[in-house]
Amino acid sequence: MDAKELIARRVAREIKSGMLVNLGIGLPSLVANFVPQSLGVFFQAENGVIGLGARPPEGMQDPHLTDAGGGFVSAVPGAASIDSAMSFGLIRGGHLDMTVLGGLQVDEKGHLANWKVPGKMVPGMGGAMDLVTGAARVVVAMQHSAKGASKIVKRCTLPLTAQRRVDLIVTDLAVIEPGPEGLILRERAPGIGLDHIRAATDANLIVMGDIPEMALD
Amino acid sequence: MDAKELIARRVAREIKSGMLVNLGIGLPSLVANFVPQSLGVFFQAENGVIGLGARPPEGMQDPHLTDAGGGFVSAVPGAASIDSAMSFGLIRGGHLDMTVLGGLQVDEKGHLANWKVPGKMVPGMGGAMDLVTGAARVVVAMQHSAKGASKIVKRCTLPLTAQRRVDLIVTDLAVIEPGPEGLILRERAPGIGLDHIRAATDANLIVMGDIPEMALD
Amino acid sequence: MKGALKPEAAAEMIPDGASLLIGGFMAVGSPERLIDAMVERGTKDLTVIANDTAMPGKGTGKLISAGMVSRVIASHIGLNPETQAKMIAGEISCELVPQGTLVERIRAGGMGLGGVLTPTGIGTEVEDGKQVIEVEGNRYLLETPIKADFALIGAWQADYVGNLAYLLTAHNFNPVMALAGKVVIAEPESIVPVGVIAPDAVKTPGVLVDHLLIRPN
Amino acid sequence: MKGALKPEAAAEMIPDGASLLIGGFMAVGSPERLIDAMVERGTKDLTVIANDTAMPGKGTGKLISAGMVSRVIASHIGLNPETQAKMIAGEISCELVPQGTLVERIRAGGMGLGGVLTPTGIGTEVEDGKQVIEVEGNRYLLETPIKADFALIGAWQADYVGNLAYLLTAHNFNPVMALAGKVVIAEPESIVPVGVIAPDAVKTPGVLVDHLLIRPN
């Protein structure tokens, strides 16, 4: 299993029956592949649909039905079209049960930076600030390190996405839960030891008792 | 012609082709009877329809299609359903070309009081404050006097509906246009002399040149 | 998927002292079967937030007549003499709010906004005690958001996902109120199989609805 | 009733220096024929307010590539490298706004509200230079309303009253932008006889629309 699949599978276990979930572009979008249809989960694409379905077969794509990345999608039975005002009303109003986003940095306060690298990458925040501010639960799905540097840091050096503490971080090495006291290590990736995680992390981790391996359906 | 019909006919002449118009309950609602269908005017009922039509024939009333007074109406071709947020967005945003409302008092500043008589009648303002604040043009349609007292006064003693100066007052005696300098007498009702109007008015009227009789289609 | 409740079962969920957003405009679009079940049960000390209190024997008027309501937030109570009488007798406290402000306050509550900046009410007694905010040289009232323990919604069609569609002037406050209740109970005129309401016809996405009332009969 | 314009005639109405609200999300729901006609005409110094600048060759991206745009207000420009390059070169000034804030600012402009009170952006660099308002113990950014000289709307169906209906994720910013342009030009995929779009299917009432583009071919 590659790192991305591992992360996606673990995040999928956070999703409960009947939830409304928004998956970010890239790694987070893989999560949908591991959520059983029987759960009756609805996925929101913030560009305007609740009840996002799989990619349509070749030749059956419709230019009026796309996800937030501009890719063709389908709609499940019971889907609803929403305009951008309703879409972000649902997000900011706490009606979105969970958002899964990528991250550039998360720090000991649980603050997320994921939208800007000053001087390098200024794409705009899109919906990220609203999602992190408003969603009932915010899960960050990301590689533990990038180019050898820990993405989990004492204090974000990149611009924050919101002042809200995220609820969970899932990486290829660990599951970490930010709390008022700091970052609590909850799970290890299969075969990964505590020392490995500590060495790969540029922040203090709170370790309480035995840390179990991630369960992956 | 009775006083109400006179007022309604005169107000109807203010309505131009293609306008969106909201008519208040009571006297103002009579105005619709005198607007030629050929003008392509759309009437809004603030409870949720643009394109209000005539009362439906007996037996064809539908409980899902009523006006703001709760009476059964029909919808013209090209009608649109709107919820209360859109309805008042159109009103407050200046998209409503004209509102015609009844009045209890209008004063020399052109301020309207029409929603409350302290200690006596406290029905709530309903949509009146939004209509007077937001409509592109506000026309007050009312009897000149009530129980022998002028409804056009130096300064409103009743609570104001808005701080906005109304655009036109049409009564059974006169057409009066409030301006920055005060109330300008524009027209006399048929057969009514200047002295009659002055005697019936508890406010200063600006009279410039000859005052013509109202034209009534 | 949501199971459908009998009106009695839904009424049982609402405790004494609850705050209720109730859809409808002069009872058009109000959840009448649910209201009847509440009257049967006799819940006390309710706060009713609604456009109006209809008239005796209709919609929210039934709750007023039954003495179940201690507080009303509405834009208009003038067509229900019982509300007026109980207000004067001190049995009901009434907050009267301009209609366009009321719907925006509920929308703000439901969509996670901090309030409403409206020109409506400036220069009137509605301004009393409220913060005035100047933006780009214009003055606006800051009106606070409204949420409630329950939103009781009247709809035309529902599916078992909870998606709702409305007819004509029976939309009114319903789509906005469905955003702002901690628990949302919808009373549709019919329930259709999932997939039958086209995505573009859904005005309230099912994710907002907690419970449906069973079909009549 | 509104006559329908050829794209060239509509493009001619838009002068150099105009501000434009342009619907669409990654060009889905954008008025492509109108944009093509504008590129043909080569209008200069435009302000484009849109969710994004799409990508080169699509939607608003065509205006960027043609060097017609001097200012952009958007939530995301990351998928159009030309916008990024021109921003870095100082040819385009960019204001980046969280997506949910952008749509509410436009709605506020169109609906006569004084601004938006949002939690999104608090504690981030989006807060810089903005007024923070405390309401009931929570802090919100005051974001100002947005209006523009023109709103360019992509729709699915129109009738000659100007009523518009949209399909699926091609709604996005279009219904809100139709409220906030001094002149609103809609490009429907088809125009149907008046009365064919059911009142409940109308998402933009015709009173908001000034001009329709003729049908393709």
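By written order: A, B, C and D. Residues from 1 in each chain.
Just so it is clear, contacts are C-beta pairs under 8 Å (C-beta built on N, C-alpha and C of every residue); 3 or more make two chains touch, one makes a residue touch a chain.
In this text the structure is predicted, and so the values were computed from the model without any measurement.
Novice: With chain centres set to the mean of the C-alpha atoms, which chain is at the far end from chain B?
Specialist: For chain B, the chain whose C-alpha mean is farthest off is A.
Novice: From the C-alpha centre of chain A to that of chain B, how far is it in Å?
Specialist: The mean C-alpha positions of chain A and chain B differ by 55 Å.
Novice: Could you grab the centroid distance between chain A and chain C? Build each centroid from C-alpha atoms only and quote it in angstrom.
Specialist: Spacing between the chain centres: roughly 35 Å.
Novice: Mind checking the centre-to-centre distance between chain C and chain D? Centres are C-alpha means, answer in whole Å.
Specialist: Centre-to-centre distance between chain C and chain D: 32 Å.
Novice: Where in chain A do residues touch two or more of the other chains?
Specialist: Residues 49, 75, 81-82, 88-89, 91-92, 133-134 of chain A each touch two or more of the other chains.
Novice: Which positions in chain D are in touch with at least two other chains?
Specialist: Answer for chain D, listing residues that touch two or more other chains: 104, 107, 112-113, 118-119, 166-168, 199-200.
Novice: Mind giving me all the chain pairs that touch?
Specialist: A-C, A-D, B-C, B-D, C-D
Novice: Taking the touch rule as given, give the residues of chain D at its contact with chain B in the complex, in rising order.
Specialist: Answer in residue numbers: 1, 107, 110-113, 159-161, 163, 179, 194-195, 199-200, 202, 205-208.
Novice: Could you please specify the touching residues of chain D with respect to chain A in the complex?
Specialist: Where chain D meets chain A, its residues are 25-29, 51-52, 74-79, 84, 87, 94, 96, 98-101, 103-104, 107, 118-126, 156, 166-176, 203.
Novice: Please name which positions on chain A make contact with chain C in the complex.
Specialist: Going through chain A, the ones touching chain C are 18, 20, 40, 42, 49-51, 75, 77-82, 86, 88-95, 133-134.
Novice: Along chain C, where are the residues that touch chain D in the complex?
Specialist: 104, 108, 112-119, 133, 135-136, 138, 140, 142, 144-145, 165-168, 199-201
Novice: Which stretch or stretches of chain B touch chain C in the complex?
Specialist: Contact set of chain B toward chain C: 45-49, 62-70, 75, 81-85, 87-89, 91-92, 121-130, 133-134, 159-163.
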